[in-house]
Amino acid sequence: MNTDTDKPRLEASSLCCIRDDRTLFADLGFRLHGGQALLVEGRNGSGKTSLLRILCGIRMPDEGRVSWNGEDIFRLGGDYHACTAYVGHRDGVKLDLTARENLAVARGLGAPSETPLEDALEAVGLSGFDDAPVRNLSAGQQRRLALARLLVTRSKLWILDEPFTSLDRHGITVIETLVTQHLADNGMLVATSHHAVDLRDADIQRINLSA
Amino acid sequence: MSSAQLNRAFVVLLKRDLTLAFRRRSEMVNPLLFFVLVTTLFPLGVGADPALLRSIGPGIIWVAALLAALLSLESVLRSDFEDGSLEQLMLSAHPLSVLMLAKVLAHWLVTGLPLLLVAPLLGLLLGLSGDAIVTLVQTLALGTPVLSLVGTIGVALTVGLRKGGMILSLLVLPLYIPVLIFAADAVTSTGAGLPVTAQLSLLSALLVLALSLTPAATAAALKISLA
Amino acid sequence: MWHFFHQLASPRYFYRFAGRILPWLGAACLLLMLAGLYQGLLVAPTDYQQGDSYRIMFIHVPAAWMSLFVYVVMAVSGAVGLVWRIKLAEIVAVASAPIGASFTFLALVTGAIWGKPTWGTWWVWDARLTSELILLFLYLGVIALNSAIEDKRTAARATSVLALVGVVNIPIIHYSVEWWNTLHQGATVTKFDVPSIDLRMLIPLLLMALAFKLFYLVVVLMRARCEILQRERNTGWVRELVEAP
Amino acid sequence: MSSAQLNRAFVVLLKRDLTLAFRRRSEMVNPLLFFVLVTTLFPLGVGADPALLRSIGPGIIWVAALLAALLSLESVLRSDFEDGSLEQLMLSAHPLSVLMLAKVLAHWLVTGLPLLLVAPLLGLLLGLSGDAIVTLVQTLALGTPVLSLVGTIGVALTVGLRKGGMILSLLVLPLYIPVLIFAADAVTSTGAGLPVTAQLSLLSALLVLALSLTPAATAAALKISLA
Amino acid sequence: MNTDTDKPRLEASSLCCIRDDRTLFADLGFRLHGGQALLVEGRNGSGKTSLLRILCGIRMPDEGRVSWNGEDIFRLGGDYHACTAYVGHRDGVKLDLTARENLAVARGLGAPSETPLEDALEAVGLSGFDDAPVRNLSAGQQRRLALARLLVTRSKLWILDEPFTSLDRHGITVIETLVTQHLADNGMLVATSHHAVDLRDADIQRINLSA
């Protein structure tokens, strides 16, 4: 693992993304340090999800590069993934497992943090639902479970695509608190949201893709 | 990532898939039933002459095994793709190829192994000799993992498509042919009292080759399909 | 030299370069083909066993050779495209598949036509015939996958992976089929060996083989040019090209 | 609704489905390729002995046709279900059974008819005699529509389920058995120089029966699945 | 066809719907005349779609009955369907056909109205897109096409499930105008919507399923 993780740095330069020969964005760049958040904004279909997937390393940019502490993320591969956590449009939870089992899998596949699974569930307001199959949880509760994944691995960089989908008012506050805490711990955030996000006095950059 | 962590990830994923399969037990028997059904179609199609059935039995059982493997393959990755778990696997800190190996192993334990158990019964139905049945089980033990391994590449290539099913067969069936040939031939030869070490070692060689090459190919294919 | 290849890999340059050499290649192909056919159909002597029916060889054998050759080209360029991310290589791989499938089909059909007078049957489950049939299936799988994926780049890359997996399997399939056949079948009618071929037969055969290679080159270049135009249709240089008179 | 309007609805739907199939031409050949592929697997499994292949040829071709029909069936209703067109069909002013008949006809024209055309080729590959090939085509002409008709009931029952594929086979394959038996037997008998009018009339009877009964059953099944 | 269609009447009495042993609503009834609209409201998952599908005759109510001009809709069958048009969550358009072909199919399957297909496309703001495959239209345009179906058949009763999904401001106004027009022509409307619906001074009933 990278020794530099204490002052992490995510950089993107001259990114370009083309889908079905429509250029979604071009020559996009930014630099993000520990403790900072990047909010990506834009209309439906403007390319927010595509950008996030490029930053995750799921998708190759059509031009440009993304680097983590100065190294290309595709070169880093697993070492980069060990520092990141992604919650996408789809929750990535298995409906036939219980909430706890889902978290255990997530932890087993990443770099485990010290937070016990129960605490992670409690943090997102799911204590008491540990052993129910996720199929019986409501959409909002499933979304909370997906977000609880962020806590069970040691990830500096959280990449969240519409984290507040299907969350009620209380759920949104809970997640905002978690994110603020993460930023205060020198973590980083890249997120999209159609809702306004209240991160108190965090250091926030914004990119608007519809502009 | 340390190799202890990698081991743990492998076991976690294997256990996850087995738990999931177990929670949906009723779907587990489907490939098995399909295997039995297809095998029994043949006597209906070609007539009940015992000598004839005995001579084509190994081929039939193996073709049925091929088709059963093929049809159950989709499930290896489809549901993970749909609920977003596949993205999470790609973004885990561990090599995707190792994780894929865990998934293939789970798939084989759930759909391949049961075929081994029911095959002797089908062998009996088709009038195979005791020796031939033993060889049949041996070839299935060596061959079905190859089917799972090779087939998963095809699934990885087609997982994002809406109409995966039929295309998958076109991609994968030609690649299955060597297994079919060696395995069916081994069973037939046993029936005729001939030695079969050659075929069995060839099958083992195929298995080793598949084990060492296909996970990387599957991982590469997945990265392309998900991008 | 290196500089030349580097330039060639850029779609725009390739488009113009291919456009310039295409007429020459086409002409050469036509000439060779005419010469080969003339030599093969009119000059080469009648075979003492098969009469004139053997003359289909001048189509069959080159087509069969090409069917394998094109698959290898497809896999190699696919690999190059995957490893070094050269778009042009992907395009060549994709463009090759239908051509290879056509050669394979041609070999099968001419073989079957040839088989009827020589062996008295259109088809036997001979090793070489069977593996040629499977090769056709491999090609068709590649084509099916390519047309099923809507995003062109993803399609090309997926196709390349499949072609690579297939090329690893071709020798395995080939030997397994051969082995299967020797075990199951006694003496077959299908002994291809032509012990010592008459020079007057060999020359047209080689001419035709060369002509087929050139034909492949011409068609693959044409298809690649089309593909490039389609992929790059939003770039400046293609717009200029279209708008220019 | 007047019967003229009903006729028009039938034609409109038939034309719609044929247009859709034509717009996705490349997918149209898949069942055909699958049919050819599965047929060629058998010689590889059972050996290349021409006499043996000739005797099991009819059974093989018919089993392959069964499987090809089965795998292509999903497409009859799946995409209409997913984009909501199926609801619209249910809510049209015309009897659902007639509309289903139009869809089945379109499916058969696109996937069944091509089998008829390529079957002679497979017959040649397996060394069937000219007469046997003629009977083969006749039985396919009578039998494959039955497969489409009967299979559609199964699809209608499973269209709302996520993992339709395998369950569908288990539901539908047993229903296909009568067709398989009569058809394969007819072809084999022709090969042996026996008359086959009995089998062909039985197949025709099955076809008439299926034509008259299955559309209503499909409509009923659909109403249940969509509720 | 029913001779009474000039003064149509939709009645529901003591409807009850149970899903997965949860009672979504019970003892629900209403009566709707030509020129009137019924708006169904309620939270996510409260049973709005289920109610609409019962009114369409896709689903049987677990109790109670729905009648059209006094006759049970299941008894009427096709005759009832000839008087209704339903646009559900899913558009029910084929992506591989053109806009015009889609409308032609819809018209062929119902009781055709006199409106030419071009006029229907124009009414929803799709003129100029007649011959593009629907796959190439945006989500909002696809939704408009689905709504254009309402115009090509002679349907007294429109049943619309979230008609405004993916429509922009202008699209919403267009549809509201169409609906107002339909009500003025003695038509009837049953609709759900999370957005506020502005039907000017139409005669509106409301049912709230969360209450």
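First chain written, first letter: the chains are A, B, C, D and E, and each begins at residue 1.
Criterion: contacts are C-beta pairs under 8 Å (C-beta built on N, C-alpha and C of every residue); 3 or more make two chains touch, one makes a residue touch a chain.
Only a predicted model underlies this, so the values are computations on that prediction, with no experimental measurement involved.
Centroid distances built from C-alpha atoms place A farthest away from chain D. Counting contacting C-beta pairs between every two chains, the top pair is B-D. Summarising the inter-chain layout, the chain whose CA centre lies farthest from the centre of chain C is E. Here the CA centre of chain C is 35 Å from the CA centre of chain D.
For the pair chain A and chain E, the distance between C-alpha centroids works out to 39 Å. Averaged C-alpha coordinates give centres for chain A and chain D that are 48 Å from one another. Residue positions of chain B touching 2 or more other chains: 163, 167, 170, 173-174, 177, 181, 185, 227.
Residues of chain C in contact with two or more other chains: 134, 137, 140, 144, 148, 177, 180, 184. Among the residues of chain E, none is in touch with two or more other chains.
Across the complex, chain C is touched by residues 150, 153, 157-158, 160-161, 163, 167, 170-171, 173-175, 177-178, 181-182, 185, 189, 202, 206, 213, 217, 220-221, 224-225, 227 of chain B. Taken in their complex, chain E has these residues touching chain D: 1, 53, 56-60, 78-79, 81-82, 84-86, 88-97, 101, 104-106, 108-111, 133, 149. Residues of chain C touching chain D in their complex: 121-126, 130, 133-134, 137, 140, 144, 147-148, 177, 180-181, 184-185.
Here chain D touches chain B in the complex through residues 27, 30-31, 33-34, 37-38, 41-42, 44-47, 52, 55-56, 58-60, 62-63, 66-67, 71-72, 74-75, 79, 162-163, 165-167, 169-170, 173-174, 177, 180-181, 184-185, 188, going by the rule given at the top.
Residues 26-27, 29-30, 33, 37, 40, 43-44, 47-50, 53, 124-125, 127 of chain D are the ones touching chain C in the complex.
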